[in-house]
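Common to both upcoming complexes is chain A, partnered first by chain B, then by chain C.
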Partner chain A sequence: MDIKLEKINDIQLIVLDGELNMESTHKFKETFKAILKERNAKVIIDFAKVPFIDSSGIAALIEVCQNLGKVNARACLCHVNKKIVNVFEITKVHKLFKIFESHQEALRSF
Partner chain B sequence: MSDKKTLEQEAHELLGEEKYAEAGERYLQAAKAFQRQDKHDRAAICLAASASSRALILGEKTYHRVAGLYEEAALEAEACKDLEYASMLYKYAAVAYERDHDNISLSECLFKSKEAYRRFLVQDLFRTKKTKENVAIGFNLAFFSKRIVPLLTLTFASLIWGHGERPHRTVGFGLVLILICAAGYMLGHLNKDGTIISPTFAQAFYFSFSSYTRVGVENITPVGGAKIVATIQAFIGIFTIPLYLTGLCRKYLRY
Partner chain C sequence: MTIDARLPSDVELVPGAIKGWLKQLGPLKLNEDAVFGLQLCLQEALINAIRHGHQDNKALTVHCSIVADPQQIMIEVADQGKGFDVNAVPDPTAAENIGKGHGRGIYLIRQTMDEVAFLNGGRTIRMVMKLKGGRTGGH
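Right after this comes the complex of A and B.
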């Protein structure tokens, strides 16, 4: 999985490219280590190029969002494809995340 | 590992083809494998997916299996300390039990859901790191309204009537309050038939009981500080006695 970091004003945009599974969760969690040191960070995780997520990916996503919450940071997901939304719904984790259609909508939420 | 990944991927594909029973079975196999490896977080997710897949089977006659899987998923989520997720899964289990008219399990799951959320708020409170901004502001209104108020409300609801699922707790709460107030009356004085007395335990208990239930005793009245205790006790009694009746009726009407 490739992970790109971009900044839009004071908001951190994390663009994921590839499957979020057992092999990529370590790299995914590592990406957030620096962000977790910031206080009140605002994070958008872009799922446009994520074709599949498995239980380890979901567990990592829950963990990262909870850790961000502990440092008063706010995170949301955007461009999540229908297949992944279905996975979130079937595993009943969809209420744990804020999901938006686009960057603009996500940006407005902060 | 690749086996488990394949099972989950297979399950996702089967869901896309609307083969819910097969998808549920694949998720369950994956969950069992994760349980054997003590990977509770992944087991919880797969069990929840298995339950949801089964719930989608058209014409399903019973939801008992679905509810059981959600409950098992909630237990796994509790085991890995993901209490917010556990609370949600217990709620889904309760809904599935309700569809199956299993009201005892419904009540149990509703109680566990609220308790899991209460414990999540406690956990969240102690794990939240203090930021410079928080310290500078001193009192953070958002933090207070989002965490402290729900935590206090849930703790009080748990203590006083077990979130509506344990009405007998109201009786216990009432008895404890009556005893505490009786001890308070014994430290002060009461007016009995126009004479100021230091009440015995029996007199204090009798007066405390009548204040709480608002029955009222004509020949005994509070004096001095005892008036404040009696007022607070009567005020609590006004709310807790109807709460007991509501909890009891709520349970009775379900069965």
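Right after this comes the complex of A and C.
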């Protein structure tokens, strides 16, 4: 998985490119280490180029979002494809994430 | 079509192996949802076998067989571990478990496949995906 970090004003955009699975969860979690040192960070995780997620990826996403919550950071997801949304829904973890269709919607949520 | 493979217990080998097997299923013209579901269930079953069945012992191999025809795809993943009681696996969608970082693999398999059975004391999982009802027609 490739991961790019961009800033939109004070909002950290994290653009994922590749599968979020057993292979990529370590790199995914490492990406957030610096962000977890900030308080009140605003984070958008862009899933537009994530074609697949497995239970390891879901676990990593939950861990990251829970850790962000502990430092009063706010995080949301955008551009999540329907197959992944379906996985979130059948495991009910969609209740743990704010999911938006576009960057604009995600930006407006902060 | 039959695929019969033995995979060393190394989780890093799993995604590549699955992609190879899915490529071999190309003639079935599965649609994107079916391919996603098969990838997900193979991934979960193989990782469970390696992590929980074999405790990542690379000396042990996981046996995967896939038997496919135009009606269905039947997959069996077998490990050499101690087995487990599938009835003792907690429901990951229970309110107290939703935020936990584990325990979703078998649930995802059950929700995705049409038939799921655990054999040989939990050492083998058999999963069947029926191909009628809109799972084919892909490229």
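To be clear about the criterion, the second predicted complex is superposed on the first by the 110 of 110 C-alpha atoms of A that agree within 3 Å, B and C clash if a C-alpha of one lies under 4 Å from a C-alpha of the other, contacts with A are read in each partner's own complex, and residues count from 1 in each chain.
We take it that a contact is a pair of C-beta atoms (placed from the backbone, for glycine too) under 8 Å apart; a residue touches a chain by one contact, two chains touch by 3 or more.
All values derive from a computational prediction rather than experimental measurement.
*Asks:* Return fit or clash for chain B versus chain C, each positioned on chain A through the superposition.
*Replies:* Clash: chain B and chain C overlap once superposed on chain A.
*Asks:* Determine, under the contact definition given at the top, whether A:21 touches first (chain B), second (chain C), both, or neither.
*Replies:* Both partners.
*Asks:* Which partner does A:70 contact after superposing on A: first (chain B), second (chain C), both, neither?
*Replies:* A:70 contacts chain B only, not chain C.
*Asks:* Could you tell me if A:109 is touching chain B, chain C, both of them or neither one (first, second, both, neither)?
*Replies:* In the superposition, A:109 touches no partner, neither chain B nor chain C.
*Asks:* Is A:39 in contact with chain B, with chain C, with both, or with neither (first, second, both, neither)?
*Replies:* After superposition on chain A, A:39 lies in contact with chain B alone.
*Asks:* Looking at the overlay, what does A:52 touch: chain B (first), chain C (second), both, or neither?
*Replies:* Both partners, chain B and chain C.
*Asks:* A:92 in the overlay: touching chain B, chain C, both, or neither? Say first, second, both or neither.
*Replies:* both
*Asks:* For A:83, is the partner it touches chain B (first), chain C (second), both, or none of the two (neither)?
*Replies:* both
*Asks:* Looking at 23-31, 59-67 or 95-103, which bit of chain C clashes with chain B?
*Replies:* 95-103
*Asks:* Using the superposition described at the top, list the residues of chain A that contact chain B and also contact chain C.
*Replies:* In chain A, residues 21-22, 52, 54-56, 58-59, 62-63, 66, 83, 87, 90-93, 95-96 are touched by chain B and also by chain C.
*Asks:* Give the list of chain B residues in touch with chain A in this complex.
*Replies:* Per the stated touch rule, the residues are 1, 4-5, 8-9, 12, 15-16, 30, 34, 41-42, 45-46, 48-49, 52-53, 82, 84-85, 88-89, 92, 124, 127-129, 131-134.
*Asks:* In their shared complex, at which residues does chain C touch chain A?
*Replies:* Residues 11-12, 14-15, 32-33, 36, 39-40, 43-44, 47, 92-93, 98-102, 104-105, 107-108, 111 of chain C touch chain A in their complex.
*Asks:* Applying the document's contact rule, which stretches of chain A touch chain C when the two form their complex?
*Replies:* The contact residues of chain A facing chain C are 19, 21-23, 52, 54-56, 58-60, 62-63, 66, 83, 87, 90-93, 95-96.
*Asks:* Using the touch definition up top, name the residues of chain A that touch chain B in the complex.
*Replies:* On the chain A side, the touching residues are 21-22, 39-40, 52, 54-56, 58-59, 62-63, 66, 69-72, 83, 86-87, 89-93, 95-96.
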